[in-house]
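Consider the two complexes below, in which chain A is the common component and chain B and chain C are the respective partners.
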Partner chain A sequence: MKITVILRLEPVLTEELELTNDARDVDREWIGLDMNQFDDQALEQAILIKEQTGAEVVAIAIEDEGTDRMLKTALARGADTARLIPMDEYDVESRSSRAMAPIYAMAIRELEPDMVLVGVLSNADIYGELAPYLAAHLGWPQASAISQVTLGTGQVTLRQEYAGGRSARLALQLPAIAGLQTAAQPPRYVAGSKLRDLLKVQIPELNIEAVPGADLAEATTLALPDMSGAAEMIDGDAQEIANAIHALLEEKGFV
Partner chain B sequence: MQTLLLWIVTLATLVVFAWRFGTRLQPLFSARPVNRLDRPGERFSGMLGDIGLHRRMLRFTYSGVLHAMIFSSFLVLFTAIIESFGSVLFPGFTLAPVGGETWIAILQETFALLILVGLGMAAYQRLIRKPARFEGSRKGDAILIYVLATGIVASMLLEFASAIAITGTPNPYRPVSSLLAALLGQVGVDGHAAETLHMSFYWAHVLIILGFLAYIPGSKHRHMFLAAPNIFLRPLHPKGQLPAVPTLEDEKTPSGIQSFSDFTWKDLLDPLTCTECGRCQSVCPAYAAGTPLSPKKLIMDLRDGMSTGEAHLPIVGGVISEDVLWSCTTCRACMEVCPVHIEHVPKIVEMRRTMVEAGTLEPMLQDALTSFQSQGNSFGKPAKQRARWIKGLSFKPVDARNQPVDVLWFVGDFASFDARAQELTRMVAELLHQAGVDFGILYDGERNSGNDVRRAGDEGLFELLAQQNIDTLAGCEFNRIMTTDPHSLNALKSEYPALGADYDVVHYSELLLDLISAGKLTPKQGAAAQVTYHDPCYLGRYNGGFDAPRDLIAALGHDLREMPRNRKNSFCCGAGGGRIWMDDSAFHERPSENRIKEALALGDVSYFVVSCPKDVVMYTAAIQNLGVEDRISVRDLAELVTESLE
Partner chain C sequence: MGILVQIEHVDGQVADGAHELLAMARSLGGTVEALVCAKDATTVAAIADELDADTVVAVADAVLADYVPAAYLTCLAQAMEDRAPDLVLLSYSTAGIDLAGGVALKSGREMVCYATAIERDGAVLTVKSQVYSGKLTASTTLPLPGIVVVMPGAIKAPERAGGSAPVEELVVDLSVSQSIRHVENLLPDSDGIDLTKAERIVCVGRALGGTDKLPLAEALAVKLGAEIAGSRPVIDAGWLPRARQVGKSGTKVKPKLYLMAGVSGAPEHLEGMQDSDLIIALNSDEQAPIFRKAHYGAVCDMFEVLPALTEKLG
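Here is the complex of A and B:
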């Protein structure tokens, strides 16, 4: 059994964002990249399956600033192999899921896994398009918002999350693709000693001859959230504050 | 007959003693090696100072004095023990030719009284005064020892007294015994009766001594034998340098602490030496905050674990629970105060390393360390943003990677990323600029120094961060490194040398003081305030930087009022050892708030002066939490200097 995990770097959007002059993207000058947290869940789930069933885990990523470090982290976490898909930053117009899907799809064809795990969404893919695009390219079954993965022979059972705490159990024919929401356990910590041991390791490349897909839509303007006036401070003693909160909740129809 | 009998009981006792001691020392022989025999002269003189002069003991006056009384009396009364055993084991042996009946006798009488007073003080302390530091110590053990020791001294005096009573002639060299003999005479004990009594007291005396000896290996009074060697074998490497992971030659990856044999033998000697005095507990900020950590209990638990049936438990997470280990701020107060030089912090860190290797971390700590791995700082901010604080400066600092400088400023994470600390960083930059200092920074080439990462237990990550800094620094030309952050200072000054890098490192308090002395900065006199000063653990206790900040405060014309816990006895803010990245909601009282109360108790102090970016953050929050903003405010040294120039 072989599992491929797709790992993506995404801009750290926690603070101090600035927009580019044309207001169509965030200014990447001061921004760092970090592993997409849903991909992190997918990686953890793959490792958990490996620990239970002995499956082989291959982590792949498309080259960007810091991909090497991210793939080494994956190795330290327990992935058997990692492959870096080279990409020159000036060669690509867009790194949207639609643009990258043909490249990932080609890599998957090459690696021939039984199962592909990827984060359900990312900052740059808020609608969770990557898994469905891949399924379309490969002609494989896929399901997103997955919180449980049980691999069987020839098929996989998935738990798909819905709003309100409901979920469905789905059985998919292998090979299949799952967009992971959460792993069965939170991602584990890898001690620095494991990373240090991997310092000199060279991540092998996976050269893909594929043309990026064209975007169907483009951002025309981006705006930073307006935070001013969003908070209202309630003064007074505990009783007064409680009364004010109660009145507000009533007014908004929550109670 | 008597001789034979005494030989038999003495030898039997010695066998019991050796066996009881031996079984306790056993684990040391399969433990990991560590060299503690270098610099023997320094070891010996330090040991003499700590034992002979009771240097550390006297920091707690009452118990220091009573211990000095008991200890010195014990040395003197040892002559009486030699005489008692010698004279019967080797018939004809006597100390009389060297003064056993004259000056030694009078010394014995004096010190017998002294030890009784000392024992009385000890019992009063233990039973009536009951200082909180005894909480958790074994009271029964202590009391039994008082009883046995009193028994030894009393039987000795009565033995002497009954000897005098036989003839009824008082001995001028034994005034106390003579007085007791007179009392015996009054109740009609003389002549033959006195002889019988003498014999009984003699045997009572030697038997209590032998009983004491047989009992000691299982008692905290083992320290009578182990304190001196443990002090002799104390660590002599720089205080700020944690020992590396102990690895055996044929070992590729260290196992962590899985069994007691994974500790070094010195780590196992420490618990056996512990006197349960609780001094460490009384100064521990984590204990004061109500966390489950007491450094004393930690050492006692290790001791009990290694010598009793708890060997089946895992050590990390069993004998010592995980939350105990995460509670430590690595402030070193415990080690500084321990009279027998027990090393708590290296053991705690070694056990943390075991947890980190296994991936069992406090959730918040895990986030911080993950962020170090990906961004090189704990703020989760891109490395690119490290030098963003320079926005708003009146000049652009030199990039020390491209141009030689006199002073290379290692800025540190808090000073670079924390919004409040950034203001102070800018102030320092303006001060240096104004004073014409030729300085530069590393911009995004700097990484966290790794000081606290190492103390949080991630050895590999520390090495990665340290190596990145060392490599970057190797490409720069500079004379010395300056930092405002004591944690970075400790790493650069004390930790990096172990990785082969040696720098001249100064704290900004020293540099600012130099600039004022050299007339490059001229503070206005006049606006003096009543201030107090907090010694950061990693500047003070770890690196001896006590004076420069105080001299600087004085040079600015302020009136420094010391808090009771100052200099070596400073009380940690609670942020060290990685604690700043962990959840402190379970603390009953945050150490920083405890400290602010200490400052408020001084009366009219308007500034709480600090010299560490983390302290600025910690104490500003503490003052807000306590709601005392109108009574006291935090001032960084840089702020004080800047204000006095305006």
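Here is the complex of A and C:
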């Protein structure tokens, strides 16, 4: 059994976001990039399946600043192999899922896994999510918002989540794709020493010609949100804030 | 302009999001067709009765008794081919995520997601969306024919208008072996807690960092007579039981008081609590999207303010 996990970097959202001059993208010059939180869950789920079934896990990523380190993290976490998809940053106008899907699809065809796991969404994907696009390119069954994966022979059983805490179990014929929401356990911690051991390791490249697809990137502009109607802010140190909230709760009749 | 709206329902109960999509379609003008996939004609008729549409396009097949991504994808793709709508509207829900990308590629249409508003100027739409978990807004020009995936709660649906739209059956061959099979439905875990009944909620986010700091929030909740709740990462990490999750895939609440600490205010969380009467948010990031939805906010370290507030409450 072979599982391919797709890993993507995205801006760290607890930091301040600034826009490029043309407002078409966030300014990536200074911003921190981190592994997509849902891809992180997908990676953990893949490793858990490996531990249970002996499946082989291959982590892939499209080249960007920091992907090398991310793929090494995946190795340290327990992936069997990692492969980098080479990409000249000057060739890419947009890294949206729609634009990148044909490239990942080529990589998947090359790797021939039984199962592809990827995060349910990435925070910049205004043109749609990767798992369904990938499924359409490959003609494979797909389900997103997944919180349980049980890999069997010829099929995988997924728990798919809906609104209001409802969920269902679905059986998909392999090969299949799952858009992961949550792994069965929180992503494991990797010791820095384990990562340092991998410093000299060369991540092999996948030999495919990466041609992005089209999206609408040219027609989109970003803006910081309109703050009218936003919260009334309470200033001060912790004690002053606590006092003000207490006064507010009194005024509204909660205490 | 022809607009096709994907109708979601659970056992014949139409989802709020579906009514919102219909209201949005109405606001854009043109003819509104609602696509209903259900297990039989009786269910279709009951659903059709609830919809404010010009036509109900219906697929009735036992395979559609439960949501099955592959079968629903086949129906939507065929409905789009058959009715050739200028615009297709779906909700940002599990089905919306599953289906939109597939039909966009198949039909070669442009698509925009997370829409909070759509403006129409002839054959061009301008779509406003939330991106980066709500930290930025995007404005996109969408040429028609196109597809838009709309945030739940983006528009207030009017009181059920009811409908007398004619039902036109769409014949879709779902007999060929489907690559996805529905196995069973799973009910929500309850643990005996019903957050929808709580009048006061103290909600903690990922910033909590672990169960060791949980007592800080619990002490406040006790003082306030509030239930404790968490954002999805808090539940996923096992710091609180699943029945205490608020949001898109958790419980939708509307308490009198929703005091939240260390929650960023991602759209999926807001979906579950934005109608609360009084929202007070503590967050260390002044750009946190929650400050756009909260009524009162403070940029602070929750680990300092929570105990100070608890103490103040005596």
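General remarks:
Throughout what follows, the second predicted complex is superposed on the first by the 218 of 255 C-alpha atoms of A that agree within 3 Å, B and C clash if a C-alpha of one lies under 4 Å from a C-alpha of the other, contacts with A are read in each partner's own complex, and residues count from 1 in each chain.
The criterion applied here is as follows: a residue touches a chain if its C-beta (ideal position, glycine included) is under 8 Å from a C-beta of that chain, and two chains touch if they have at least 3 such contacts.
Note that the structure is predicted; figures quoted are calculated from it, not measured.
Looking at the superposition, the partner that touches the larger set of chain A residues, chain B or chain C, turns out to be C. In the superposition on chain A, contact of A:199 is made with chain B only, not with chain C. Contacts of A:114 after superposition on the shared chain: neither chain B nor chain C is touched.
Legend: residue contacts after superposition of the two complexes on their common chain; A:68 is shown touching neither chain B nor chain C.
In the overlay built on the shared chain, the residue A:29 is in contact with chain B alone; chain C does not reach it. In the superposition on chain A, A:252 contacts chain C only, with no contact to chain B.
Shared-chain residue A:56: touches no atom of chain B or chain C. By the touch criterion defined above, A:14 reaches both chain B and chain C. By the touch criterion defined above, A:189 reaches chain B but does not reach chain C.
14, 16, 186 are the residues of chain A that lie in the contact sets of both chain B and chain C, per the superposition on chain A. The part of chain A that touches chain B in the complex is made up of residues 12, 14-16, 29-35, 66, 69-70, 73, 186, 188-197, 199. Of all residues in chain C, only 10, 15, 66-70, 93-94, 97-102, 104-106, 110-114, 129, 131-142, 149, 152, 179-189, 200, 224, 232-233, 236-238, 242-243, 245, 248-252, 256-257, 259, 264, 278-282, 285, 287, 289-301, 304-305, 308-309, 311-313 touch chain A in the complex they form. Within the complex formed with chain C, the chain A residues making contact are 11, 13-14, 16-17, 19, 26, 37, 41, 97-98, 101, 120-121, 123-129, 131-133, 135-137, 140-145, 157, 159-173, 176, 179, 181-182, 186, 215-216, 219-227, 229-235, 238-239, 241-246, 248-249, 252, 254-255.
In the complex of the two chains, the chain B residues touching chain A come out as 253, 356-357, 359, 361, 363, 366, 369-370, 373-375, 380-385, 388, 453, 458-464.
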